[in-house]
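Multiple structures are listed underneath, in structure tokens.
Each of the next two complexes has chain A plus one more chain, namely chain B in the first and chain C in the second.
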Partner chain A sequence: MKGIAKSLMVTLSTFTRKPVTRDYPNYHRELPERDRAFPLLLWDKEIDEPFCTGCHACERACPVECMTVLMKDNPNHKSNGGDSSRRKIIDKFWIDYARCMRCNICVEVCNFDAIAMNNTWQGHELSVHDRKDLVMDLEQLLVQSHVGAIKEWVPVLGQSNETNE
Partner chain B sequence: MVASPQATPEHEFETQDLLINVGPQHPSTHGVFRMVLTIDGEVVKDVVPYIGYLHRGAEKLCETMDFRQGIGFMDRTEYLAAHNAELSYVMAVEALAGLEVPERAQWIRTILCELNRLSSHFMFLGAFGIDVGVFGTPFIYAWREREAIIDLFEEISGDRMMYAYFRPGGLAWDVPLNFKERVREVLKSTRQGIRDFDELLTQNEIFRARTEGIGYISAEDAIDWGMSGPSIRASGVPLDVRRDEPYLKYAELDFDVIVGENGDVFDRYYCRMLEMHESVKIIEQCLERLQPGLIVPDKMPRMLRAAPGEVYIRTEAPRGEYGIYMVSKGGNRPYRLKVRSACLSNLQALRQMSVDQYIADAIIVLGSIDIVLSEVDR
Partner chain C sequence: MNNSLFGFEINVWFDGLARLGLIVGVMTVVAMGLIYGERKILARFQQRIGPQKTGPFGLLQSVADAIKLVGKEDLRPTAADPWTFELAPYFVFIPIFLGFVSLPFLLDVNIRLLELGLLYFIAVSSVNIVGWVMAGWGSDNRYAMIGGMRAAAQAISYELPLVLSLVVVAMLAGSLNLKDIVEGQAVVPYVVWLPLAFVIFFISTLAEMNRPPFDIPIGESEVVGGPFVEYSGIRWSMFMLGEYASLWILSTLTAAVFLGGYSWPFGEDLGKGYQLLLMGAKSGLYIFVVFWVRASIPRLRIDQLMAYSWKVLLPLSLAQVLVVGFVRVYELPDVVLTAAGILGLVALVSITGRAVASTRRLPGAARTMRSEAA
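Now for the complex of A and B:
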């Protein structure tokens, strides 16, 4: 009987604590900066074009083969009178979010820091009626970075923080 | 069995055994697991488990992937303790590629593995509470505590369950600047959580009546079935890879191997409960000794290549010995990969534990092994 009384005391003491649950759809907790939802392409604001050159490195490294990359000659390149130093630029890009396993490898292999994991709630709330709607095209992948809705975190691999402690 | 149509004078009633199918879609089977129970009245006469519903061929898939790509699949073989699963895999790669892991990376790995053990055991306590019939209370409490740990993992690696954070050679990136304070904060709530559970369940007479003396397995049988982890320690076998074959920094740490006496369901529960105190102890020691430093070796090769050969690496995951057998013929991917999963071996003893128990206890016995079906089927 003593044990049961003790158990009841625990539940009672919890009753007086502040609730830890959150009213989810109405309230979104702040996500940590490193949060990994799904990969997004980044927008180069200085030259006003995507960072991505369509080099296929991420496509080849993706373990589940959910990316498709097509490149084209950059119409904005210096040789054409533009102001970009990118000779090639991304033409079409698809990522199938339904297949992506959020492993971060595409971000790690990109030499141009052109891709980052989405760390906003938009990356998590992706309910759709049809799986095909989860195949994101270039425009959808770029829009968040283009309008400045994302503060991306691109990890520096293997670098330790010496200032830690 | 066919019942005899003529009732003989000595046997007024002929009874028939009844087959009951549990699962594969059943909330108490902790995943997609099916068992067929043969019952006589209320007593279980036989259990036939069927596994394989969650088979994804992760081992075979990894043979087509390079070492970095394989880590993600290892996470998914053991989703409740992904850090521990990754650890065996990257340690196997390190052994084949001859990489030396720097101190700091080893300490951080030890901390994360122990935190993962805590979160996994909380999950067990909650789910086990439901199996026993205390719906709600312990489960929700367990999730509250587990949530704090998972939030911490998210701040470190970016993901809540599939971390992909350990890499051959060390860690993917360094922990955040406030790592130590955050771990201490989490430990504080965890300690309180363990105490709550202790008072809520361990001394509760109803809980004890429900769990004591059922699902017994002797030490000899447990060894014969190849059990490991808390499930075998509850039967009185002091088998712990962390102690017997220290990896990471466990040789320098001071902790006890918790051993039970009776080998029943209650002991398997209580061993895990006490083990959580040990994990907290380990993490505190690690935090004290964690120094700034490198997280990957100085001379990390750009392309990771393994030397031809084979290794078997075993580590102590929350559910027991998680082993990776890797054969390499050189190159950047394993030639053959085999996962030795603790759950599969522990599950073998299910029949022995549940025969001659009441049917209501069969689920408790299953829950007490703490199975994760993705690890059983891979």
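Now for the complex of A and C:
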């Protein structure tokens, strides 16, 4: 009987409280900066080119083989009169988001901190009518970092290496 | 032969038809409102929002549901008994309709004021069990069969305490006419004199409506919906409509019989608007408590349910009848009734508490089987 009375009181107290529901499509909760959506490439704002050198490290490490990387000689390299120290640079890059399983391995193996997991809602809301539209090319992968839409977050691994040196 | 309806003199047959249409229309709208209200209130009990996308504040949710249900295919299993299966919803639905006839909504606002209104209500309200058993039998489905049988067992068991607690009211009022019963409460509502009968009545109505914690016949986790398993579309929606209509009927009856109806407090002279407010508040309170109990208490087992009716509620309501009889015959003061009612309530609470606290005793055969397995 005490239990019945207690359960009635509990439900009454929840009745008087505010609902915890968030009206999701109209209201986006702020995501934590370590939120892990799909991988994208980062833009080096100082030199105005991608960080990625097309070294294939991520492509080889990818367990589901969702990446395709092509490299080229950097036209902006110092030997050509440019201001970049990158001898090679990314030419073409595709990531099949439909195949990616968001394991973060590409981010961990990258030697240049050039790839990161998207930590914005754009990384989650990717519904399309044709699954071919989920194969992102270089431009699509870079645009968010280029316009500064994603919150800067240096992976913990790279950060700690820098401070140790 | 002419009857008067809203002050107009019209033919008896048209009068009957108009009143029938009135029941159907009003009941459907109210049932839809109740479904919306239940979803909203239940959502708040669980800290959700409830329907909000269809129309302003989700008000059109019930309309959307109704359109969806009407649009669905009306399936009948090949092995089902066609007549029993297809007629069952009507047998659930029509008795509930009939229950409306004698209810005193406001002063002189009812379908037809019957001299034996309470008796009529009791007689009609138990007929819909036939429909439940028909639905269970006709579906040719084990779950539906078990559900239908459970519904019959439960309704027959809880009919007795329900009726006995209404008999007590009739004894006190000295009339079976619901109008007289309401007028008898102009000063003090009967819930003050008969607290035990009120509580027993409330518990029995929960069982009668198959509301949680007594929703054993339609328990989704045990019999996957009971008699409704094979129903879809419009027939299923008729069961649903019947359920909410009976919720409304019983809330009105509770308000009229125990809570003073439209006449307590401040009498019947304050006009229809005031009466409407009173009845709305009283039956709304009843409905809210029903939803509250649904949100709080888990479903009982079938043996607990039967035991609770036959071992606890029935003896207590018989004792209540006895006490009221003594009080009426020897013309004792009414305060005796209140005292006896409170004593009975204490007994009810303590018995229920002991029953809740006691561990489950298995029958002998099951106990030996379990010990052998261990």
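One rule holds in what follows: the second predicted complex is superposed on the first by the 149 of 165 C-alpha atoms of A that agree within 3 Å, B and C clash if a C-alpha of one lies under 4 Å from a C-alpha of the other, contacts with A are read in each partner's own complex, and residues count from 1 in each chain.
What we mean here is this: a residue touches a chain if its C-beta (ideal position, glycine included) is under 8 Å from a C-beta of that chain, and two chains touch if they have at least 3 such contacts.
Source: prediction; values computed, not measured.
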Practice problem: Classify the contacts of A:34 with the two partner chains as first (chain B alone), second (chain C alone), both, or neither. | Solution: first
Self-check item: Touched chain A residues, chain B compared with chain C
Solution: B
Exercise. Examine A:104 and indicate which partner it touches, taking first as chain B and second as chain C; both and neither are also allowed.
Key: first
Exercise. For A:7, decide between first (touching chain B), second (touching chain C), both and neither.
Key: both
Quiz item: Regarding the shared-chain residue A:44, is it in contact with chain B (first), chain C (second), both, or neither?
Solution: neither
Practice problem: Could you tell me if A:96 is touching chain B, chain C, both of them or neither one (first, second, both, neither)? | Solution: neither
Exercise. Please work out whether A:15 is in contact with chain B alone, chain C alone, both, or neither, and reply first, second, both or neither.
Key: second
Quiz item: Where on chain A do the contacts from chain B and from chain C line up?
Solution: 1-4, 7, 10-11, 14, 20
Exercise. Under the touch definition given earlier, write down the residues of chain B that touch chain A in their complex.
Key: 65, 68-73, 76, 104, 137, 141, 144, 147, 154-159, 162, 164, 167, 169-177, 179-180, 196, 199-201, 203-208, 290-296, 300
Quiz item: Any idea which chain C residues touch chain A in the complex?
Solution: 41, 43-49, 52, 292-293, 295-297, 349-350, 352-353, 356-357
Quiz item: Which part of chain A faces chain B closely enough to touch in the complex?
Solution: 1-4, 6-7, 9-11, 14, 20, 32, 34-36, 61, 63, 101-105, 108, 117, 119, 153, 155-165
Self-check item: Residues of chain A that touch chain C when the two form their complex
Solution: 1-4, 7-8, 10-12, 14-15, 17-21, 23
